[in-house]
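Below are two complexes that have chain A in common, paired first with chain B and then with chain C.
== the complex of A and B ==
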């Protein structure tokens, strides 16, 4: 059974005056409002993606979510967690359950509560906890990805300005997205990024995605029931995942993510497409360097030429290969468990021509990419309006 | 009882790798080597990831290495920046805090092991320019 993404729901990202319950309720309500024929009774699966609801002192989040919309016909319920790639793990779990014939439909719900008033929340980490975190707790992910940037700049000549262009592009795109974080000021130029306060060299503040609260939801159903919910079925066509461990020590090269390239090849092969067939991509720009390395490993350009791709404007909304029209993690904020799901919400809207001011003409195939840890876990989904 | 913090469990009651911390207290920087395949791993292990056996021995690493990559991290205004990096020792990539000033830090520089004592008796390593 082929699986179709048939509906979406979003809660506003940002520093929210809201708990996990509030955020999940908001995204679920949005999903039902946007999917008029969806009834509570239809929902057979519920997969919740959350990196660390434990920050709020809560586990068993999927059961809590089922209570919020009184799901009485559930056959499959679980939570997924592989750090920032948790959202893709949830989508894949729903897809596999539908493909296996276990269920006909599932809600995938991503949620994260990041803004909490006690410092203990910062001691819960997706970094390796016994060896890396005691050394890197002060720098955390920004410092981990900064090492990737240092090596990439040295090896391939990627410039500080090219990094900043990723930030300018994604902050600009986020202005067109009603669910992105509100910012008092957004960088409009490379100089704005370079003049923001230093965080972890070479990164300044605007090179980094912000920790925000948020939630996002998708309805995923079997092909045979999809027409009840949507006129434009968007199929899950392909996927690839790789992990090489968790510790910074396992990275042989910090500028070359060979395992991402391998995961992408698996996904392209499964979807029977090539990188040039991609009309729109949402990639994991947790930090500016990540998007540049991802261009290269996903095959949008040759290795080492990712910086030039953004410099030439090719990944802007009006470019040849638009990347992160949603605004990405840098523009929208990064509520970890909600991010991977929100990326697919964007691909769905683009493929259905519902993306408003962000709409890219003639979208038929979209790619979403996320990663967990300091690039050690990689995940790719490919979606399309027709099956090859 | 100890409070939950950023540092690891080190005692014999809490971790099977307590020998690492005991060795560190005695001034030795150690890790595990598989007696089957001969591979030296970082971080130390209780099983060899290749052979999946427990035939591991503690081996001493050199107390000096080369700074492969670094970043100067300043998360808050008005706070002294912290240097974090990857120290390469015998082909191993060891993430570590680097006790060096921004003026003297340089990729490829030689670094030396430093042992810091925490208030509760635990120890943590870092690397610095001075031997």
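== the complex of A and C ==
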């Protein structure tokens, strides 16, 4: 059975005065409001993506989510977690259960509460905990990805300005997205990025995604029942995932992410498409360099030419291959468990022509990419309005 | 594609001087030793079950697990979590991915580090965190299940001695299991249980499962490749899961777990069997009362007669319907994420006639049951040596 993404819900991202329960309720309410024919009795699966609700003291979050909507006919329920790639893992779990004929429908719910009043919460890490995290600054995300940036700049001549352009583009796109974090200040130019506070060389503040709260939801159903919920069935066409470990020491190169390339090839092969067929992409821009390396490994340009791709404006909304029209992690903020699900919300809206001011013309195939750790775990999903 | 459980690995349960990494390595090593034809290149999936590795500060545990065995051909990787039912969720995720044709094989790895030197770790709870946990003693597991015991005793006349017999049986069985916790002292009689330290009326110490460390692993593969790894293919035949929420207030009755009965019916229907076809069962005896209520809701006896079933000796290894020959949670200890996987290790050993001193004659069909929260989430798996 083919699986169709048939509905979406979003809670506003940001530094919210809201608990995990509040955030999940908000995204679920939005899903049911946006999907008028959806009844609670229809829902047979519930897969919750959350990286570390334990920072709020709460595990067993999927059971809590089931309480919020009182799903009587639930047959498959779990939380999935693989750091920043948790959202894709949840989508994959729901998809595979539908494809295996075990359930007809599932809600995928992504949520993260990042903005907590006690800094000890951040001692729970998705980096390697015994060695990298306590011993090294590069056990922290900014320093880890800074190594990637340094090596990429040295090897391929990527410039500081090209990095900054990712930030300008994504902050600009986020202004068009009603669910992004509030942008009280934002970089309007490369100079604004270069003048922002240094974080970890070469990154300044605006090269980094912000920790925010948020939630997001999808309805995924079997092809045969999809028409009850939507006139534009958006199919899950391809999937690729690779993991080479967790410690930073497993990375053979900081600038070349071969395992991302391999995951992308798996996804393209499964979807029976080529990179040039992609009309819109949401990629994991936790830091500006990440988006540039992803352009290359995903095949949007040749290796080493990612910086030029953004410099030429090709990944802006009006470019040849728009990337992160939603605003990405840098523009929207990064509530870890919610991010991967929110990416697919954006792809769904683009493919249904419901993206408002962010709408890209003629979208038929979209790609979403997330990663976990310092790029050690890679995940790709491909969606399309028709099956090849 | 039907899925076959084709290999097992275990780490010793107990208060271990071992980290999450150590425990996972031990179970994986055991799996590869017990499955001689298994090569790392064969493994396409890795699903890790762990309730709260965040107590050790570590999330993204599935990526760490992938590092331990350097799986080059991994295509599907995630952690699953739904409190004490996490292990079954991992088995289900691997099974469904295989059935959907996405992967041919997966390692399922359950692990928990419970024995930590700082009590703050236990502020991370799988009970409802905002209301039940801080406000009420019944937000703790012993008090919550004590309510179940009190109501069951009042309504059905279950006796204190019948509860104690569960403890005597499971502690006795655990003595025959080389992977159970070390039992320096154990109740040899009903009197020993009744004389142990009071915990939450009517429970004494020996009515409760102990928090221990542990890990467990399974190899699950598609039917067509199973013969490479095993001469006795053990099929995943049926699955049932229900969740009614997380707060204790969602329980309509403490003594009648209607949602467990409903989950069991789903599993029996899928496996095309009746309760009387079960030759061996591993059920979630977090507290003595739980096993008695489970007898009833799983259909091993009529409602209200669970106490009599154990009193008559029918659920002992030499009885009509042996339950928890492994020793259960009470005998083995309860490393949360590892428990559900370890149950299926036992069913596999019983069905393959590899259970040594615990072997039950003529096992063809086995059932495993876990639950999360105060019985609010229920999960059942049915396995068998032939497909009906």
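To be clear about the criterion, the second predicted complex is superposed on the first by the 384 of 388 C-alpha atoms of A that agree within 3 Å, B and C clash if a C-alpha of one lies under 4 Å from a C-alpha of the other, contacts with A are read in each partner's own complex, and residues count from 1 in each chain.
Everything below uses one rule, namely that a contact is a pair of C-beta atoms (placed from the backbone, for glycine too) under 8 Å apart; a residue touches a chain by one contact, two chains touch by 3 or more.
Quick caveat, the model's predicted, so the values are computed rather than measured.
Peer 1: Contact-wise, after the overlay, does A:355 reach chain B, chain C, both or neither (first, second, both, neither)?
Peer 2: In the superposition, A:355 touches no partner, neither chain B nor chain C.
Peer 1: According to the stated criteria, A:11 is in contact with first (chain B), second (chain C), both, or neither; which is it?
Peer 2: Neither partner.
Peer 1: Which partner chains sit in contact with A:108 here, chain B, chain C, both or neither? Use first/second/both/neither.
Peer 2: neither
Peer 1: With the two structures laid over each other on chain A, which partner does A:129 touch: chain B (first), chain C (second), both, or neither?
Peer 2: Both: A:129 reaches chain B and chain C.
Peer 1: Look at A:247 in the shared chain and tell me whether it touches chain B only, chain C only, both, or neither; answer first, second, both or neither.
Peer 2: both
Peer 1: After superposition on the shared chain, which partner residues are touched by A:137: those of chain B (first), chain C (second), both, or neither?
Peer 2: first
Peer 1: Classify the contacts of A:217 with the two partner chains as first (chain B alone), second (chain C alone), both, or neither.
Peer 2: neither
Peer 1: Classify the contacts of A:21 with the two partner chains as first (chain B alone), second (chain C alone), both, or neither.
Peer 2: It touches chain C, and chain B stays clear.
Peer 1: Under the contact definition given at the top, report the residues of chain A touching chain B in one complex and chain C in the other.
Peer 2: The overlap between the chain B and chain C interfaces on chain A comprises residues 123, 128-130, 133, 247.
Peer 1: Would you mind writing out the residues of chain C in touch with chain A in their complex?
Peer 2: Result: residues 19, 21, 46, 51-52, 54-64, 66-67, 70-71, 74-83, 86, 89, 92-93, 95-97, 99-102, 123-130, 133, 239-247, 250, 266, 372-373, 376-377 of chain C touch chain A.
Peer 1: Could you pull out which chain A residues touch chain B in their complex?
Peer 2: 120, 123, 128-139, 142-143, 146-147, 150-151, 154, 197-202, 247-249, 251, 254
Peer 1: In the complex, go through chain B and note every residue touching chain A.
Peer 2: Counting only chain B, the residues touching chain A are 4-9, 15, 42-43, 69-75, 77, 81-82, 84-86, 92-97, 107, 124, 126.
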